[in-house]
Amino acid sequence: MKDAKLILKTHPTHQTVVQVGDRVAIGGSDIVVIGGPCAVESLAQMEQVAQVLAITAVAALRGGVYKPRTSPYSFQGMGVDGLRVLAAVRQQYGLPVVTEVMSVAQLEPVCAYADMLQIGSRNMQNFELLKALGQVPQPILLKRGLAATLEEFVMAAEYILAHGNPNVVLCERGIRSFDPYTRNVLDLGAVVALKQLTHLPVIVDPSHAAGKRELVPDLARAAIACGADGLIIECHPVPAESVSDARQALSLEDMVALTESLRAIAIAVGRSLPMPQAPAPLVLV
Amino acid sequence: MKDAKLILKTHPTHQTVVQVGDRVAIGGSDIVVIGGPCAVESLAQMEQVAQVLAITAVAALRGGVYKPRTSPYSFQGMGVDGLRVLAAVRQQYGLPVVTEVMSVAQLEPVCAYADMLQIGSRNMQNFELLKALGQVPQPILLKRGLAATLEEFVMAAEYILAHGNPNVVLCERGIRSFDPYTRNVLDLGAVVALKQLTHLPVIVDPSHAAGKRELVPDLARAAIACGADGLIIECHPVPAESVSDARQALSLEDMVALTESLRAIAIAVGRSLPMPQAPAPLVLV
Amino acid sequence: MKDAKLILKTHPTHQTVVQVGDRVAIGGSDIVVIGGPCAVESLAQMEQVAQVLAITAVAALRGGVYKPRTSPYSFQGMGVDGLRVLAAVRQQYGLPVVTEVMSVAQLEPVCAYADMLQIGSRNMQNFELLKALGQVPQPILLKRGLAATLEEFVMAAEYILAHGNPNVVLCERGIRSFDPYTRNVLDLGAVVALKQLTHLPVIVDPSHAAGKRELVPDLARAAIACGADGLIIECHPVPAESVSDARQALSLEDMVALTESLRAIAIAVGRSLPMPQAPAPLVLV
Amino acid sequence: MKDAKLILKTHPTHQTVVQVGDRVAIGGSDIVVIGGPCAVESLAQMEQVAQVLAITAVAALRGGVYKPRTSPYSFQGMGVDGLRVLAAVRQQYGLPVVTEVMSVAQLEPVCAYADMLQIGSRNMQNFELLKALGQVPQPILLKRGLAATLEEFVMAAEYILAHGNPNVVLCERGIRSFDPYTRNVLDLGAVVALKQLTHLPVIVDPSHAAGKRELVPDLARAAIACGADGLIIECHPVPAESVSDARQALSLEDMVALTESLRAIAIAVGRSLPMPQAPAPLVLV
């Protein structure tokens, strides 16, 4: 990490806390769980998700509207219509929303609606995008590239900080390897190392790492046990009908059960999980 | 796993418990921690280790006397003299001992002294050795190869079972990957998958995975959180003076602290850690 | 490659020939060698390079003006000034120029000057950029991502074709692996497979694969022997003084010798290498 | 390679030539092609192979009688009966034979029949076997492990030399990687590096690397173009009926055509291919 300046931990308790919306803080004592579908598919779908998650310990909602897809013929996301869906459920259920941005041109619409901007693995070294992220007010969720070294990963964060935005959360989401049994290999050693090297919060995405829903809960618990500040997990009202990554999405019931199971682990490592929330009051605008 | 027969879990609670010596059982509710140095270096060294670990929750002692070394000019292990050291400390401190065997020719001396035989990563597909292990009375600790798929790993265990020995414990110890920051990548997704696929106990070696002692405790806790049945961890009275793998060995104090920290995690996932033992009575022979 | 439509070879002799400038065609019987420095550093540097290469079998000039760098504090390229340097040497020496583009915003200036646009490994799945490349008149040199499967690679090309630009050349440049001895692993099996799967031309970058200049010539010859349509190789007037990737750049003398050594290999596999060119007449504008 | 002593090239023309039987030398100007099936299946099968190959430029015959198989339920090889088959065809057709040995116990029968002993990838770091190989009179064909670094590979050879046998040929056979399209990734950069680092001959196995027969000929030509001293290639009278690795075996016709195509490449890099042999006179014993 010889060129790193801004992301380095300068003393053992040096820790950035990144604020997402009004209520959520990543990097503090609370474990932050972000849940939601791979892709925003409709208002009805997102309402089903938000209705369930809003009264649990899940702190924020995820859902992609601009989707990086291997094939140009696959569903590319709902775009601005999807952003409006996210804004609607945020207002109704009081959960901040996280969504992916794939290009500088998408920054304007996404910044108008989202509480946190996700940069996907395939764009971790899209340096022109990283530079532009330095200028936005929202915090950034930066996912590790599929074959990025830790040095490349933290230096990508360094780009964002160096261009003006100090609010970056790192996300380990599995690296590419040789075994077809799992989609990727979740590298929790990287999480431990990142927590020691940098003051930025570090969360884990066990869904993309595993690629199989039955592996997700145990990996989620492991992530919290090794010091991660939070999780981002895919869930869907009807996983089998998910338009993308159906094999890895949890049902909403399993998502709730998993989240609650984290509490004991969090306590075991000196952290906490927020208590399930009372339903948010409806806000009329 | 199309060819697997004997290692497959046939129903959700199908679980083999492997007995090591009289007192230790791997695969039951107790988390089993195996600790000790990379290599047996002297009786004094092993006594220092055993004296400390015998009154903790550590259940068994490790120490290599036949060492697989990349270079023919590196220390190759104490051989039979080392086995005698292991036998002496076992008798004095009441801890069963685990040690590596690298060839069919070493089986006779090792079986005369050790409670459990470890097969290292480099021999995971040494098929002639696997066949011979089917005929020994001791349980086998089979480490995953550096680039072994899960199918190859469980089929290596299948060899041992098919040749007559049902007592095999699988050990995930990190796979080879691209990032020089850690020595290997600990693949806890494999642990979760193996616990679902097979009835054999699964333990984790975070020391060889990380290659850096400061990463070991968090990875050890993650391993227990995701369902591992135990851990094998390297520690040394003076880590910096270890003849091999010095960079990853814990001090004995750190080993004891780490072991005790596992209790809360074990409980959080419905397991237990044995209570620290009273000093074993000296047995005169 | 289940989703691929436009990039698939429909019959054994189906082969696209991509025109670069007036004189150069990639995918025909001639092997096309592209040479030049990692980064454009000055007019003097590029003139030194072009002067030597223009009278060899080297067909085109490379040089980066927008540089994707791991660290935000490393030299980021000369930008538009560098494009003017490329245009000047192209006019003077008659060699078409290839240069990297990292974002949609860079398309306008680069398209005003360059004969071919290179997309680097880190942007292979920058899908918004790929879509925009469908609309430019220049041919595209698409480099394989560091950990891209062949399916992901050809589907990235499919994006460009599906959005309107049929002139794509694929470039294998090494994939990430575990051995620190070489920078990456040159995957010539991928070259053979791509030549069988797709009608697009395929070239090889042995410089970034090897990361060490002493490995480059032998790998370049191997690439031609296995059916590659060309090569892109880094060279520099004074390799040790290169501002980036100094360790892998050939001297100009070695570059000329390597290029000439390809002739016998090309003939051995039924291809040809252009004869060294007479110095291009100066064109007054 | 800090610990290497015996395998290092001490001056640029330092090159060991390994004699296999009376007629074949690996590491000289002649390219040595070894051909034959994955497994010896019957005398009839081996006679079909030998009859065709004996009158080509193929220099030696391969065929496994002890087979390392992932599953204990797969065909494990003909054993000593297979060795007798190899001896019979050797005598009849005058081709030296290469076969794999998996354990110290197999050394005695194999040394009684074979001209060269192959150590497979899974046993590259079977150190007790390597030590024993130092004491046999036959030359050793040492295959690179599936995830072995170059340092580990040459140090495995160093074990054999250090224990008394100077006749070791290194064989690159593909390394494990992430793309399921090919079985492994052929690492020709390793071949180039090994030729520069060590005085031992280096050959290439494109069959196991590619795993698909249609990729083998181009990779074989690439291997010779980058400086390999020879090839070991799988072929079978009826590839689809091969008991193992059927997908990668060439037909005998394709094997002959491939071998002949190497001549022009060999000449292009200053090497030679033996002229097809006249049928060997029958030797009556």
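Letters A, B, C and D name the chains as they come in the text, with residue numbers starting at 1 for each one.
The rule is short, and it goes like this: a contact is a pair of C-beta atoms (placed from the backbone, for glycine too) under 8 Å apart; a residue touches a chain by one contact, two chains touch by 3 or more.
If you're wondering where the values come from, they're calculated on a predicted model, not measured in any experiment.
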Intersection of contact partners for subunit A and subunit C: B, D
Homomeric contact subunit A-subunit B: same or different residue positions, threshold half: same
Result of counting contacting C-beta pairs for C-D and B-C, higher pair: C-D
Chain at maximum distance from subunit B, centres defined as averaged CA atoms: C
Cα-centroid distance, subunit C relative to subunit D, in whole angstrom: 35
Distance from the mean Cα position of subunit C to that of subunit B, given in whole angstrom: 50
Set of subunit C residues in contact with two or more other chains: 147, 151, 176-178, 180
Residue ranges of subunit A in contact with subunit C within the complex: 3, 5, 68-74, 102-106, 122-123, 125-129, 131, 145-147, 151-152, 155, 158-159, 162-163, 176
Residues on subunit A engaged by subunit D in the complex (per definition of touch): 176-178, 180
Of subunit A, residues touching subunit B in the complex: 147, 149-151, 174-175, 177-182, 185-193, 195-196, 209-210, 214-215, 218-219, 221-227, 264-265, 267-269
